[in-house]
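Attaching a single structure in structure tokens format; questions to follow.
Letters are used for the chains, namely A, B, C and D, taken in the order the chains are written, and counting of residues starts over at 1 for each.
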Amino acid sequence: MTSKPIATARTAAGLPTARLVVWWVVASEIFIFGGLLASYVMHRLGHPEWAFQAAHTNTWAGAFNTLVLLTSSLFAVLGHKAADSGDGPRAARLLRLTALGGLTFLCVKALEWTHEIREGFVLSSGGFWSFYYTAAGLHAAHVLVGMIILLVVAADAARNQELHRVECIGIYWHFVDIIWIFLFPLLYIAR
Amino acid sequence: MLERFMTGASTYSGSVDHLIFLIAALVGFWLIVAEAFFFWLMFRYRHREGRTTQYVTGDEKELKRWISVPHMLVIVCDLVIVVGAVKVWMDIKQTMPPAEQTVRIYAQQWAWSFVDPGPDGMLDTGDDIRTVGELHVKVNTTYHFELLSRDVLHSFCVPAFRLKQDAVPGRTIRGWFRATRPGTYDIQCTQMCGMGHGVMAGRVIVETPEQHAQWLERVSNPAFAPQQAVSSPAPASAASAQVAEVRP
Amino acid sequence: MSSQGHIHHPNYVQIWAVLVVLAVISVLGTFTGIRWLIVLLAFGIAVVKAYLVAKNFMHVTIEQRFVPYLLIICLAFVAVLFAGVAPDVMKHRGLFWENRAAQQAVEAGSHAAAPAHE
Amino acid sequence: MSATAVHAEPSFFRKYLWSTDHKVIAMQYFFTGMFMALVGGFLAYVFRMQLANPGQHVPGYGVVTPNEYNSLVTLHGTIMIFWVAMPMLIAAFGNFLIPLMIGCDDMAFPRINRLSYQIFFLSAVVILSSFFVPGGPFGGAWTAYPPLSAKAAYNLAPWGASVWLLAVALEFVAFLLGGINFVVTTMNGRAPGMKMFDIPIVVWMIVVASIIFMFSVGPLVAGAVMLLFDQLLGTGFYDPGRGGDPLLWQHLFWFFGHPEVYVVLLPAMGIVADVLAVFARKKLFGYRTILYTTWAVGVLSFVVWAHHQFVAGIDPRMANVFTVTTLIISIPVTEMCFVYIATLYGGSIRFTTPMLWALAFIAEFLIGGVTGIFLGSSGTDIYLHDTYFVIAHFHYTFVPIAIIAVFAGIYYWYPKMFGRMLNETWGKIHFWGSIVGFNLAFIPMFMTGLAGDPRRYFNYSQFAEQATPALQHLRMLSTGGLLIFIPFQFIFLINFFWSLRHGKQAEMNPWHANTLEWTVPSPPPHGNFAEMPTVYRGPYEYGAPGRAADFWPQNEPAYNLGGDD
């Protein structure tokens, strides 16, 4: 990476460029999820009958996934700590654990969805289900992308390279976690 | 002023025209002043040998006034316009003078159809009169309309009435008009609604009480009513004709 | 703070424990069967959890000043969007208009046995 | 993959097609945008000919069917906004100017930058491919209101609608990546000494525009996914029959759609500001005023969107709120125009070609601005909504933005971009021809619009009030204006490509400007600055008292010791 432009190294705004860009990504993501969830909430409030559809969701799966993501977030932030203390390999291990958490999350979701689709609740079988699959699906896509980046960063970190990226991917991962923290009550609990 | 472009034939067409005139006067004044000053500056400060530019930051009090004073005046004009606009809007869209007659308007790709309550003046009764493409109304009578769409978005627009309202599938949207001048006026669809959008025409025929009575008389005759629907001229048939000719 | 990390790292495991407890509470809340309590718990706790994660895991509070402001502004604009749209989409009846389709859907749905297969 | 091939002379492919150099990427956006402008212009030519003499064979196209007409206007709008205005104003000028003007060697994330262009290019290919899909291109207007856009049964374009949506979504992704890059680069990559108020206005405006875009487009990205599912997977997000609501799309669309106007307006304003200052040899009148009004516009642009929906079935009470906000946003914009005009005061104006375009921008944009008041105030919008008055109004804003200001930028930065000067005489001919044609094309539309002439009609045979000879003559007049406008653009193209080889060699700073891009050779080498500059003052120090030269480059130490302290 000798070819990094000077622009990347400068920090006129007082924080590293990589972290700055993550914050802007988070900001724009807030609007993507914000738009979707705002649409969902106003429909849900206008359509009390959707509660009957929502009743079919599996709260336990959702709850378990919440714990999984919270734990993976813990690993991510511990990885950040390790990276700060310059211990690349440890940071890499923790990031891989984080990715494993993501994988668990996706597996649970897959089982959950298979079950629901078996019962005949598909994307097009009602307003609630449309939003349910779209919102959770968009979130799952973010989890998947996050996992890939986590593994890439971990590979570098294991060789003590680009350690500052550990924190950046961490911030993104925590954001994805926060999205789920709100999706869980929106899709599973509120009935 | 707008009469020169499009006749006004409803009670509120005048107020819309006056509002347009008011705005035209205010913004026209500012446009002319700004452009004139702009071109004068261009001429006055064109490059000439030996002219040195003045070093002006724009923070000088006496110069700032040239911005801030017009700026305040513009705000005043904006206030006037807001008041005028909201008044007209409230009159047309937010108040409903008591109805003397209620009609229902269906929009569909690509024709207008209308339900007139018929002699008993009640919708959804046996003597309702359904017409396609032609809306017959009495002059100087306050009509309420219920606007519905059968498929996509359309917009019920009678320029002569200064009336425009989108029809949204799944919704019933109500409005009113009171025609002031007998005659035949265009109904346009002013919301993109697919291939036949450009031929989705209708006519509103404003009649004197006598003419209207005659029309009622004519169409409420059961033998006639069915043909009335099919034999109604232009729009629907024209639309389908267009459809037919462009279908590959 | 800088990415080379001279920040004080709090005890993350503790915070994680708190988060887990909160999550459990919000699930247990559903067993009370009291609707308003469930909703209140669920979303109240969600906000608290989000705050804890943002503060302790994302370190928003010790980040450059403009970052938290940026995020708050984003949320504010989303709120503006909601406020502008809800009167038309959330409500099914307003001044001189009513959303018949939605009203019927609510009607039908409330009675139907298996509304998912409407 | 990485940008390591800097020192070794890279292959043509690496240098021009796979480069991470911001200048090359700027040129890629530039030429793509130029090509798409020709496409969009051709579409305009076809449907204007159809309107001038309905049903007649259009030279170079053929007879226009109603369905084709709808597709023509739809794609004209979509292409001109998403594939001409945005790549030209934000991506091309942003990529080229930001690193040069803030004094650094490249974008903060060169490879993301390259990726953003590649996605943009893909989106352009997709939108063009929609001309050839079965069922023809999408024809439901650039606003793509469902249910029309959601069901092939309604829009008769089973492929076109989805392809259109896909292309637009890709374009959004491209500009999200690009926008984040611009913002981050400007925040972090500034040369030492360049404080907040030393940044050239054009950079400021491109950055603010990118932020507005990033924020406003998010909900529409979600909305686009929902519409795509409605089209392909049978969901009912916008289907009133199934618990959805068509108005939701309108809101999501215009929550983006109106800020989008300012997304393209601000960079144009910025270009004009810089050109004005240079050729009036004058410090901008109230740099900070311009900045504050820019931010005000940015914030307010998020609270005015529903003035596009006054009669669309929204609750009439909401219309009053949006009328007020709309008239409020007119205030900072007015102020901005006043400040630009005031900048001429006490100057010494050189009427070079770029300056002519910049001045024309102000003169014409004022008309576009004031006519907006008619549409922003609910009362008059009832009558004027979706008439040609609207078309005339937004072309009086968008043509100054996407054509006039862009030409101001091209004529001004061409020497820096290509190292040669454009021909002034032909430039002036191009200018006057375009201006005359433009006004001739759109002034008649104000009149037909006042006569209630509805937009998106392929002929008026069904409408007695609209089929009058008087109105038809006005329509022919405006088509005539277009027919004058178009040939002069070819004069520009010839001038452009001829000058690439045979134009007069441009020295480093042909216009005696202050900003940093003029302190490097034309065209700038890879890496831009031989030694990274330090900034000592604002960008508009013209005619500063007590100096021999009437300009004062930003990187020139206060006492020219040549030292870099």
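Throughout what follows, a residue touches a chain if its C-beta (ideal position, glycine included) is under 8 Å from a C-beta of that chain, and two chains touch if they have at least 3 such contacts.
Everything quoted here is computed from the prediction, not taken from an experiment.
Set against the Cα centre of subunit C, the chain with the most distant centre is B.
Chain pair with the larger contact count among C-D and B-C is C-D, by C-beta pairs in contact. Subunit C and subunit D have centres, each the mean of its CA atoms, that are 37 Å apart. Remark: subunit B and subunit C have CA centroids separated by 42 Å (rounded to whole angstrom).
Centre-to-centre spacing of subunit A and subunit C amounts to 15 Å, using the average Cα coordinate of each chain.
Computed from the mean C-alpha positions, the centre of subunit B lies at a distance of 31 Å from the centre of subunit D.
Each of residues 13, 27, 30-31, 34-35, 38-39, 43, 47, 50, 126-127 in subunit A touches at least two other chains. Shown for subunit B are the residues in touch with two or more other chains, namely 93-94, 169-171, 173. Within subunit C, residues 74, 77-78, 81, 85, 89, 91, 95-97, 99, 101-102, 105, 109, 118 each touch two or more of the remaining chains.
Here subunit D touches subunit B in the complex through residues 65-67, 69-70, 139-141, 143, 145, 147-148, 154-156, 240-241, 245-247, 280-287, 289, 310-313, 316-317, 319-320, 323-324, 327-328, 330-331, 334-335, 337-339, 341-351, 359, 362-363, 366-367, 370-371, 373-374, 377-380, 382-387, 447, 450-452, 454-459, 461-466, 542-545, 550, going by the rule given at the top.
Only residues 2, 5-6, 15-16, 19-20, 23-24, 27-28, 30-31, 34-35, 37-39, 41-42, 45-48, 51-59, 63-64, 66-67, 70-71, 74-75, 78, 81-82, 84-90, 92-94, 109, 151-153, 155, 157, 159-160, 162-171, 173, 184-186, 188-201, 234-235, 238, 242, 246 of subunit B touch subunit D when the two sit together in their complex. Of all the residues in subunit D, the ones that touch subunit A in their complex are 2-4, 6, 99, 104-110, 176, 180-181, 183-185, 187-190, 194, 214-223, 225-226, 229, 233-237, 242-245, 248, 252, 255, 532. By the touch rule above, subunit B contacts subunit C in their complex via residues 93-94, 96, 169-175. Only residues 74, 77-78, 80-81, 84-85, 87-89, 91, 94-97, 99, 101-102, 105, 109, 118 of subunit C touch subunit D when the two sit together in their complex.
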